[in-house]
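Shared between the two complexes below is chain A, which pairs with chain B and chain C, respectively.
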Partner chain A sequence: MPEITQAQIAEMLCEQLASFAENEMVISAETNLITQLAIDSVKLLNLVMEIEDYFDISVPLNTLVDVLTVQDLANLIYKIKSASK
Partner chain B sequence: MSSTITKLVTPLKEEADSLLSASKPLTATPTTNRLIRRKADFSTLIEALEYAAQGETGYNFYDSKGNLKSVIPYKFLRERALTVAKKLAGFGLPRHSRVALIADTTPAFVELFFACRYAGLVPFAMPVPVNLGSHAIYVQQLRGMLESSQASLALAELDFVGFLEEATAGLRNAEFKWCGTPQQLEQLPEIDVEQSANTPNETAYLQFTSGSTRLPRGVVITERALMSNLRGIVCDGLDIREGDRCASWLPFYHDMGLVGLVMAPLAAQLSVDYLATRDFAIRPLQWLRLISRNRCTIAFSQPFGLKLCMMRARESDLQELDLSCWRAAGVGAEMIRIDVLKNFAAKFASAGFNESAFLPCYGLAESTLAVSFPGVGQGARSLCVDTKTLIERKVAVQVQADGRKFNEFVNCGRPLAEHKIKIIGENGDELPPMMVGSILVKGSSVMTGYFNNSVETAKVVKAGGWLDTGDIGFLHEGDLYVTGRRTDVIIVNGRNIRAQDVEELAEQQPEVRTREASAFGISDENGSTSVVLVVESRLSSADDRQLLINRLQQVIYMAFGVNCLVELVHPHTLPRTSSGKLSRFAARQGFLQRNNFEKLSSKTAVQ
Partner chain C sequence: MNLLEKLDAAAALRKAQLPEGLGAFGIPIEETLSATEARIGGRTVLMLGTNNYLGLSFADECRQAAHLAIDQEGTGTTGSRMANGNYLGHRALESEFAAFYNCRSCIVFTTGFQANLGTISGLVGQGDVVLIDGDAHASIYDGCVLSGADIIRFRHNDAADLEKRLRRLGGRCQNTLIIVEGIYSMLGDQAPLADIVQLKNTYGATLLIDEAHSLGVLGETGQGLVEMTGLLKEVDFITGTFSKSLCGIGGYCVSNHAQLEQLRYVSHSYIFTASPSPATIASTRAALNLLKNGCFLRERLWKNAHRLYSSLGKSGYKLGPQPGPIVAVILNSPQQALMLWNALMEQGIYVNLVLPPAAPAGSSLIRCSISAAHTPEQIDRVCSVFADLYPLTLQ
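Presenting the complex of A and B:
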């Protein structure tokens, strides 16, 4: 996979997360995954699975505890992706 | 102590490493053992390990792709635990000092757990963090357990040790000595100390039952209680036989995972194949593939785990699975709905799953783990009882005529040997069969109490040694049927959430006064439960109200990983008892009425 930036990851996440949103809410990098998207544990697992498959990474559990927004998640993926090279 | 630690950073003994990194591929421990089977007839856990170590069986750990990662035969576990025990001895702790372990599904956890027992120390497992944004609350939960247990040591693997360091930073325990990773412990010198053998009356470990930050309760389990329960599981519950092998994804910090799938297999010298909980949750079929590939016969799950498997299984997956070997499919840890079992059986029948393998059981950490099991091979049986009579008269009457509304309850079997179950009414009198009331348990695996907490202990351990389980149900022909939980525990997707803990979090918000928040669960027709929080609020601006709702939802999510319905109501709306205490039951009724959930109210009134 060619070099991918945090902004590109965030953009892709926004697209993916559209399926979680209610009534055509616009998702941006600042969207709060908990209060605005209501990601519960089942949705979270689905999301992690999709992220792992798509980016070919493994997301450790301990890293999710500091994730609140789409941007936080994008930063995390970027960090794992860069570290795994 | 810290000076000794830094001084002694010597190269490790190479043996352990070379064993694992040997060039030949790993082979899982065998199912068949040359050792003559002993069925948990030991007086202590260490005695059980000493015996199992004479054979070839043991624990196997798999990664998320299903590849074998580490193999720990009981023989090796014994050696490792003895070595680590000598390192623990260097701390010079008094016997029975508590050792906190963050319990990821790893060989290091089991080695440490048994090392503690060799060293005369009392280990307890703490959960790994799982929720988005939960950092601060998770650290608080750890600190709560460390303080409540008055722990002397705390260990976690590299991924999690940072949380432990934060949690121990402001710790008030005078007895706290050290926090670190298993690798750091490994670098300490081995100290030979003559340990007296463990005895049945000694505490074997503590089991924490809730992630409450203010009032965590550590169940005290003695060697005697543990061995009694293991005997019950191995002999009465599972009827262990030749060819048995276990597979498990259950967390090691959960009683069903630790007692049922770590200690029980050891006590019967069985091999176990482990998948980390996280890996199961993301790819649940890996568990079924392990069962199929290794011909496992025993595997337990919460109903929620079975649901996850159903949600993810595709036709192509079914073709590659052969689950015909699975003879004991234990189900427990939350209310069991027969539909979940029927659907699972229907889905996986083509993969060879036999529904007579279902083993719906009942238990709780306060009674070590298991309380009742149905007969092996009988499958899940259930009873359809008339809804109206159940609600109005609290009697379970089997439905006769078509067209009557009914509730179907799963038969959770009979109590283990050395155990009794009774149902009592509100006035404390024992009720006859078919009458619904509180489930009480008495027997040799009931806890001695909550650690250092006689107030909480007195609330549940009643006269004559009867343990009030907090669950509601009835007996029929000697079998237990659980009809629901009391309102103080909400179970969402297999997680136990104490209503009090949710209310506490709400009351920590500056806008919320104490005793002005009430939490409870509501279930929809499919049986999924949601957490509801009703808060009395004086805020008038719509923006402020929305901000408070958002913040409450966020902190509750961080703490428990669930979405919560928050309703703000006027002051004095929440119903109180004569003593001024909030009534969750009445708060729930009020919520259902205000929001036109009348139908739900009758449906769930029995729960």
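Presenting the complex of A and C:
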């Protein structure tokens, strides 16, 4: 089993994504990456590289099609980390 | 939101980003006067955004070959290479390209875009991995998506970053295709091929290089970055286009691997499309001959490139990382880039305007492409106009 939980990953992502938040916006697991954080396709591609390095995993771009929220992204990272154990 | 409303929303966003900017894209060229000049808006304009690197678009040999092919074979093949569209000329061009690269075989595609689509989607599939440079061309992205393979990006021209990602793949490296470009189309910089080849060999991956912008430009005979670095035999597959230095339209893939031939049977962009027209094939064959014997053209091109790169740098412009046939001026915003583009057009100089997301790292570019056909006087004029306009970029 992985040493980190989905909730912990989501928490880490919220911290990492703080730079995308405008004004006083609080990022939560339910925050939508595209509509609320305005992360466009290019920003998302760059964010993925940072996530790969942070968690030391490979996140294929084709696995992102169903990722809308921070929680979706956390679930994907958790799944990849679990599979790599 | 229905399908058409989604397009309306996208159009509104684009207009909001740059209300006055839409005219810069797809501006009509009323008459082509030469390899370096055209008539736009009723005026003669110096063309500095054409990818006509060797200036062969009006070469006598190419025009005569195209005319003859039309007279003898007609205007189009009306069919696929796998059916009625496989003429002797197509086969001859493949043989000539294979010989040019001293490779076992070559496949000619109808466009350079289709060459990448067909080659990549034929080489890798579900369960395989493609490792692509962060600044990869759209045709490479689309080929990867079409393939169904896992797509992983590495930071642009960063071999250490590539190694990190190869290491993570572990045993999957043997099913991994690394894809780089000889010269990158937007910033004009070259891939660190020696480092990438070393990693490819260390991790047992396969390497494809797209020489679209480096064919005719790099290497003694113009093979591209593979020739300039002496690494031709280390690269598994080379793709490229006829639409830049060769002044035609079409694309190719060459390789020493016998398995290349199998791509003819699996690449949809090869099978399910009409083959290049006889005129295109004939002019490309003539242009390839001029290209490989065109040392003097490469010398003129590089002289012009160094002259422009050096002058724009001295004027204060922020430029792409290295001099070459593509000189990218990096601006702070789309508005600033558009302002410079308009000012250059007013002075009779056409360049390419490149805005996010087409430009790398969220930048906005004025992309200049240089030709061997540009005269020193034309380049000097461009340098002078850019120098005069520099204050615009400080606003």
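FYI, the second predicted complex is superposed on the first by the 83 of 85 C-alpha atoms of A that agree within 3 Å, B and C clash if a C-alpha of one lies under 4 Å from a C-alpha of the other, contacts with A are read in each partner's own complex, and residues count from 1 in each chain.
Operating definition for what follows: a contact is a pair of C-beta atoms (placed from the backbone, for glycine too) under 8 Å apart; a residue touches a chain by one contact, two chains touch by 3 or more.
Just so you know, these numbers come straight off a predicted model, no measurement behind them.
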Which superposed partner A:M49 touches (first chain B, second chain C, both, neither): both
First, second, both or neither for A:S58, with chain B first and chain C second: both
Partner contacting more residues of chain A (chain B vs chain C): B
Partner chain(s) touched by A:S41 [first = chain B, second = chain C, both, neither]: both
Residues on chain A lying within both footprints (that of chain B and that of chain C): 40-42, 45, 48-49, 52, 58, 60-62
Interface residues, chain A side, partner chain C - complex: 40-43, 45-46, 48-49, 52-53, 56-63
Footprint of chain A on chain B - complex, ascending: 64, 128-135, 138, 159-160, 162-163, 278, 281-283, 308, 311, 493, 495, 550, 553-554, 557-558, 561-563
Chain A - residues contacting chain B, complex: 32-35, 38-42, 44-45, 48-49, 52, 58, 60-62, 64-68
Partner chain A, residues of chain C touching it in the complex: 129, 134, 145, 148-155, 161, 164-165, 168-169, 356-357, 361-362
